[in-house]
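Look for subunit A in each of the two complexes below; its partner is subunit B in the first and subunit C in the second.
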Partner chain A sequence: MASAAKNRFKQDEKRRDSDHVSFLKHRKFRWLWIALALSAATIAGYALIDQQPRPNGGTWYGYTLGTIGLALIVWLSLLGVRKRRINPGAWSLKAWTSAHVYLGCSLVVVGTLHTGFQIGWNVHTLAYVLMLLVIATGIYGVVVYATLPASLSANRREMTRAQMLEALTAIDRQLESAAQPLGRDEADLVIAALEQDTFHGGALARLTGRYPRCATARALRGMDSGSEAATRVTALLEKRRNQLAQIRGALRIRALLEVWLFVHIPLTIALIAALAAHVISVFYYW
Partner chain B sequence: MTFLIRTIDFTAAGREIIRDRVLDQTSLTIGRAAENDIHLPDLAVEQRHVRIELAADGNLAVTALGTLGFGLDGRTVSEGAISLSTGGEIALGAARLAVAREGEAILVTIRQVATDEGAGDALRGFALASVLPNKRAMSWLLAAAILVLLLMVPVASHLLRTPVKNDPKGETPGQVVLDAAWTTGALSLKHRSLEDNCESCHVNAFESVTDTTCLSCHADTGDHAAMPRLAKGSPPLSPGDAIQWRIGTALGKEGPLGCVSCHSEHEGQVRTAAGGEAFCSDCHDKLDTRLTDTKLANAHDFGKAHPQFRPAYFASFGAAQPVRAAPGAKPVERSGLKFPHDVHMDARGGAARMAVSLSRYGQPLECKDCHSLQADKIGFKEVKMEDSCEGCHSLVSGRSAGGGFSKLRHGDVKDLAEDLARISSGPRAPVAPRRIRPGQSGTYRADFGRPVRAYIGLSNALSAGGICTECHLPTRGPTGQADLMPVNLPDRFLTSGFFSHDAHKKEKCTDCHAADTSKAASDLLIPDLKSCRDCHLGATAVKTKTIVPSDCAMCHAYHLPSGQWQPKGSAPHYKPPPVKTTVAAIAAKAKP
Partner chain C sequence: MAETFQVAIVGSGPAGLSAAARAAMLGMSHVLLEKTDHLSDTIYKYQKGKHVMATPSNLVLRSDVDFDAGKREVILGLWDEQIAGHKVNVKYHAEVAKIEGEKGAFALTLRNGEVVQAAAVVLAIGTQGNPNKLRCPGADAPMIQYQLDDPGEYYDEHITVIGSGDAGIENALGLGADPAQRNVVTILNRSADFARAKAANVALLEEAEREGRLIVRRETEPAEVLNGELLLSTRDGQEAIRCDRIIARTGSQPPRGFVEGMGIEFSSPEPGAFPKLSPVFETTKPGIHVIGALAGYPLIKHCMNQGYDVIEFLNGNADLKPADEPILAEKFGALPGNRSVEEWLEVFGQNILILNDLSTLQLRELMLDSTCHAYDPGDVIFRRNDPGSSMFAIAEGSVAVEVNPADPSITVAIEQGSIFGEVGLISGRRRGATVRAAEPVIALELSRTAALKLLATSPGAARAVNAISVERQLLQMFGSGLTKADVAPLVASAEVMQARAGQVIVTEGADDKDVFIIRRGSMIVEKQIGDRPVFLSYLPAGSYFGEMAVIDGSLRTATVKAAIKSEVIRLPGEGFLALLDANPTLREKALADMAGRRATNAFIEGQKDSFSSAVDMYSQTAQFLVDNGIGEATDVLLIDEKLCIGCDNCEKACADSHDGLSRLDREAGKTYAHLHVPTSCRHCEHPHCMADCPPNAIKRGPDGEVFIDETCIGCGNCQRNCPYGVIRMDAKPPKKPSLLQWMLFGSGPGPGEAPYSWRKKKAEAEGAPKAKLAIKCDMCSGIDGGPACVRACPTGAAIRVAPDKFLTFTKLTEDVE
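After this line comes the complex of A and B, so read on.
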């Protein structure tokens, strides 16, 4: 009895542990080993099999590599479908993600060998380049997912995103009343700072963290420090700027975390279209 | 210390009601209970929630009295400080208490805020998606652009074009739009003009380029052998290739012996390369095991396994066709000529002395005095008696009326007979002064010689010891008359290969052809395999100063008949010009 209970405990522990294992380390790097084996096998085949008249996509080995590559690309792109299907079944989303990452990387080998290193300005190379871009953005995604969340949490300083916005609103209300004694020019500067959208700035500003048209910064530059009211407004504007800096820090990390998907996803769909054009055109002009 | 408490409320109509009261005390308590200095009737607020008092450092200290914290400048804390110079905002339930200094007093402004229903929406601003175009829209746009431009437009224009039967000259280019994006690489140099005219080779959709299409231009390309023999002689395909060809032929591809399986295009702007050694040895290495009736010996490497040369030669006098020597045999050539090469090449012999004395030679004879290369640099032009022999072996028969020399015509015995007859009846010195016969005009002339003389002269010339038999062999014609053996020499000795004499300019002729020691014309002076192997070994041999790795294509061509493959010059498998009728051919025809 005791041993059965012990086993049960062990099993549960194992399950609990596996819940916290990264998709990269899933099942002791099972998919990494599969991907490495696939790459090694294709390289060995390329080196050993005599492809006449020269290695390219049209030899039997080339067709084999192309078929493997096409199947992999279609399957890996189905991760987008799989992750939206939350239903029971003997499939693990973590395993899918792990396979997606590692087999995706092995596609560099399979795809490159399929080209036979023949590159040109055509639909075939377009598909190849799109595949490389998708893989590159995917690798970027894995790297930022592994490194950036820590800095995202450090930037938050125990504040939720809603609290950050609330803090800004609180500062804005104080600014509004504190700015009452100011003259026209300075009041206009404060109005501009208050009216500017919290999320002002495009994707580039978010990614770089540079906001050259920030109205709060401009108001700070234009504020006279003569009167007591101006000093108070300046102090509040500085608080506003610091609060904005925290929000923008969060925006920057979030943008760095998310930007790859805006390339990865559309290019994946473009890649599937280019693959269709590649396969059909090759056999259309056989 | 004075606290100025300002409460801002709104009437149902939206009008603002402001009430001020002054509390003169050192600290303030805020909560839901009525005894607090500021009473907030809000269930989210504790009975006694927060105390505000002046701290020692001049700031206001705000402390939570219970376990529940409060909002200070948007952050939830249980204690905090408000600088009097900048002020601060305390959030308790729906109430916002702005704390700031006004004059000497501390102003606490209380207002109610509506619960922010848009807060969730505001949080969306944190996502990058709020400033970038929609991923799905971008995906559809890119995919649609690729599918339309790179697939649908070429396919549609291909299907809607007016097909032309064959258009190698590119007279109807650009019928298929944007199919340049489909090319897998530039065309070879000879096909470059077809670069914008894909449909001239890719005629039908989903149909591999057919032999018919290739042959519509390359009609004169010879076959290597008949297709069934090629198939029988080919080694079995590798399992991978076999599967590919099975699928390919099932889908209408023309099998591994079709044009395109060797001539793969779109490999860049290059000259089509000759097949490598393996290309030939795949079949010819063990050809006899598959083609049991073949006359060809196995070959796979010039240095290691190549059959002995079998030059073509005339094995009997006056034969209609040359025969090929048996491997390793020492052929006796029956050309019908007498020609001791050694006599002519001996630098101290009579021939040399004669040549030195003649202005056109001025030195002992050299090979090139008689033998000159043809334009293809492979074979030699026919040696003409008039050009090469007559300088010494004169056929001058007398002085001509104009002060020159008359000579016997060479080449045909009938011409010779006529010339000899003319000599016999030619003008002779007058024996008496000219006289006119009565009743006749013109000079009187009479030949009192015997009419048979001319025939005796011809017979003398043709029989042993006569002028003709210096070089020719005497024989008898069908009616027993004196005649000469026809001269038979093949146009090429090594008929299945190419030997570029131009590439061997640095060698002396006698390095390979033992002409200087050959005493009779019956010696066939074609070098053997061994002498070639002094320099030429198979393609896998290591190149040194003396060893030239040589693949099959250096001497052989695939499509027959054809010229020699060359990296420059005319097309690899051009059909050589028809051989001009030679003396040998005339003679052979004249005397069957």
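After this line comes the complex of A and C, so read on.
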């Protein structure tokens, strides 16, 4: 037991000491180098090997590239399972993400060489195009993962999502009592602001952060600053608008961080289907 | 004159109940005095439906009253029934105000003036104490209450809450929550702000005040309680307000003063000390006995057994063996020599110096929390860098300490009767050296709790451990080559100093010359550069500082202050110099260390001009981490929010690795410069959660993790004691359908913690509800690959670090993207 504890101690010390780099830099770009090596090797092979009658998916080298590509695609798509299955095994999701990103990019080279630049209106090209689309959406994912988290954190200002909504509820409670002395028209504006669903606006509003039908903004525009009550309500409405802006900011950044997955994953499933058709048809007509 | 009872039992908790039932069974004339109108007030006040546990499970229950784990209501019902069945003479509303007299003739004066006569007294009053009464005329008025069970039961009343702590604020908020109850709620605060309460509660209170749901009166005290009115003393003079009910939440008075007032001595002035007791639970005041939590036994089974035992002793049964006899027999059974429990107790009690002062009762109790070991010569007792906070004492034989990690053949002996491992206990850090048995050894391993209890209750033991630990710390700090004789003068002049968080030990520019060793806690070193302090470095327990000024006679070059509550050993500079002069190798080592620190200082100062922003960043980030308690952590989860995409995969992985409940809250917590400290256990050097765990269920595991074992009784003390809010109380959820079933057929809630509604519905369908137990991070102990939160982070945002490794310039300013 003592020796087991000792190993875990060493492992823990290593973790406590150094493991603080992003998935892109993981292990000094290990997977980037592997992906580059794979790409370079396949390009060299393509250039040096004399494929007869012409470079094509059906030569022995073409089959080799196809097999590598297929294996990579199947393995890459397993990230979704890996992410949800933490145990058993001493793996790290960061390493998997790193490999996923770089090996995924190398598929552009492997896949393209596998086609032998023969593009047409058929199921084979469909699979190829789907693959390129999946990679393109993936690159978008990498870019947002690398650039957006800092603004997500800044927008949060140490508040949890639940706290943001609680803060809004607290403002609403104050607004409700402060609006009692207002006239009919102004009171209606405040009621409309209070009654509007915080999450109204749909996907487009969420992604752009623009809410043209925001009742709080409308109420602010419609407030006369004459009476003392109106001044108080205006101040509270401004607070409400700022709180909404924080919530909407969080929704927007989250949406930008997640929206590509809604394309990336269905396309991956379509790609696997097209790939299955491609492989079966190739062997059927062999 | 009233009847004189053979025994008066004060307090009707488990201990008192059991004692009274035994007295009734034996036909002794007795009375059970209870201050409220029901039995067992502490358990009565548990929340409705709370599951009460019965640990330790290996202890047999010896009582005329039954007890087994179950719901509060069932247990209280059973006790009511059995106490009635045994025809116990219970006197309710009988709060004892004072006890006078001598053995054979005690007079117990009750709060209402009535006097109860008894030949002997058994105190079973627990440790809860009595709520502080208002210090103003009318403090006994019937409209004052000290507890609020259900704020929803009062209507149309003017209610004043007195007390500015969390209890008072929560009560006031509860009473003012529903306008339909039409209560006028006022809360009084003696000072201008609510400094003792949680920030969240204060915010809620201020919001309620703004909305007019309740009235907050600051700098106001009650002056007199009148009929239907309360006279207030405010900054601007006296004022009367209408008042139908007063809720007083001004803290409670521990029972110690009351007990000492009877002439009963405690074992030490420490707050954790218990009354001195004979083997038959008799105090230093003949005729008065103390049992239960007040005697140091917080668990229900212990209490009930003692109730039985104390009455048997009082009834003249001298042969009764304590109920723990079989447990001790089993403990000692593994040791060689075939000795009886009494013989072993004598061996341990007499041979081990720090146990010499203990009574048999204390010794037995200590043994229950300790482990006995027998080692053959050469056996490793513990290794360097093993985590461990237990302390060992040698009953027979001797051990060898490998003082030089590079050369195991260099050893120092520790002889029979002495102790070792105390550095781990005091500093909370890993073992400093490997210890082997030098000859056949019988050793006692005192758990951290048992050792701390011993130090708190036996001043002699505390002094001995202190002296030994200072000496060893000196020897360990200076490495090999020194002997006890070398450091003896320094040990004699050393002084242990307590430092509260933030306290300055050394001030930059001062010309004092002492040297300090950090014994527990940690320190930060700061230097004034330009107009603000710059963080230089973090010093964990075991490091020393202040030597530069001594060696080269210069002024202090930096300020050193406590990062958290700490203990330092102060060594007079002259003694330290004398030691260096006598040992040239030591001087060289000190000079080398000094050069290292000089280099750090120079580096930071040099950077200041060229990369001023990086230094600021480092200094402020380090200060932020220290402010957030990282200084007392051993392994803490941090999230780099420049990388965190908010996927919560860390929380999901945590839940899926541990019975379906997450032990961390990613979003909650503070952030500075995108470095986020989530709500998650830091595995403190001296865990606050361990402070008051009745079954001692919180332990430090083999990888340094602080974990809660299966003996948890769900009392919630650890949750309340944790300053970081990382412990949650929840029932183990039902099993989820597998990942494949979820992915293919959508069955179950999917990866991560299931929503509360799903857990509740499923648990109800499965039958008997499970007890809510304390759960916290165990650093994924026993899981291949280490902490799941870190492994499951797709971008590398989640890291777990140790402060001594992370609070450095390179780490805090490195570019991770």
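Everything that follows uses one rule, which is that the second predicted complex is superposed on the first by the 263 of 286 C-alpha atoms of A that agree within 3 Å, B and C clash if a C-alpha of one lies under 4 Å from a C-alpha of the other, contacts with A are read in each partner's own complex, and residues count from 1 in each chain.
Note that contacts are C-beta pairs under 8 Å (C-beta built on N, C-alpha and C of every residue); 3 or more make two chains touch, one makes a residue touch a chain.
Nothing here was measured: the structure is a model prediction, and the numbers come from that model.
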item	value
Subunit B versus subunit C as contact partner of A:A44, first or second or both or neither	neither
First (subunit B), second (subunit C), both or neither touched by A:R254	both
Which of subunit B and subunit C A:P88 touches, first, second, both or neither	second
First, second, both or neither for A:S177, with subunit B first and subunit C second	both
Subunit C versus subunit B, contacts on subunit A by residue	B
Which superposed partner A:R161 touches (first subunit B, second subunit C, both, neither)	both
Partner chain(s) touched by A:A71 [first = subunit B, second = subunit C, both, neither]	neither
Subunit B versus subunit C as contact partner of A:Q11, first or second or both or neither	second
Which superposed partner A:S22 touches (first subunit B, second subunit C, both, neither)	second
Residues on subunit A lying within both footprints (that of subunit B and that of subunit C)	161, 170, 173-174, 177, 254
Of all residues in subunit B, those that touch subunit A in their complex	71, 73-76, 83, 85-89, 91, 96, 98, 100, 109, 119, 122-123, 125-132, 135, 138-144, 146-147, 150-151, 154-155, 158, 179-186, 198, 202, 205-209, 238, 240-241, 243-244, 253, 262, 264, 267
Of all residues in subunit C, those that touch subunit A in their complex	207, 210-212, 380, 383, 385-386, 635, 640-646, 649, 652-653, 656-657, 665, 667-671, 674, 676, 702-704, 739, 743, 750-751, 783-788, 790-797, 799-802, 805-806, 811, 814, 816-817
Partner subunit B, residues of subunit A touching it in the complex	49-50, 53-54, 56-61, 63-64, 118, 120-124, 126, 159, 161-171, 173-174, 177-178, 198-199, 201-203, 206, 231-232, 235-236, 239, 243, 250-251, 254-255, 258-259, 261-262, 265-270, 272-274, 276-277, 280-286
Residue ranges of subunit A touching subunit C (in the complex, touch as defined)	1-2, 5-6, 8-9, 11-13, 15-17, 19-26, 81, 83-94, 96-97, 145-146, 148-150, 152-154, 156, 158, 160-161, 170, 173-174, 177, 254, 257
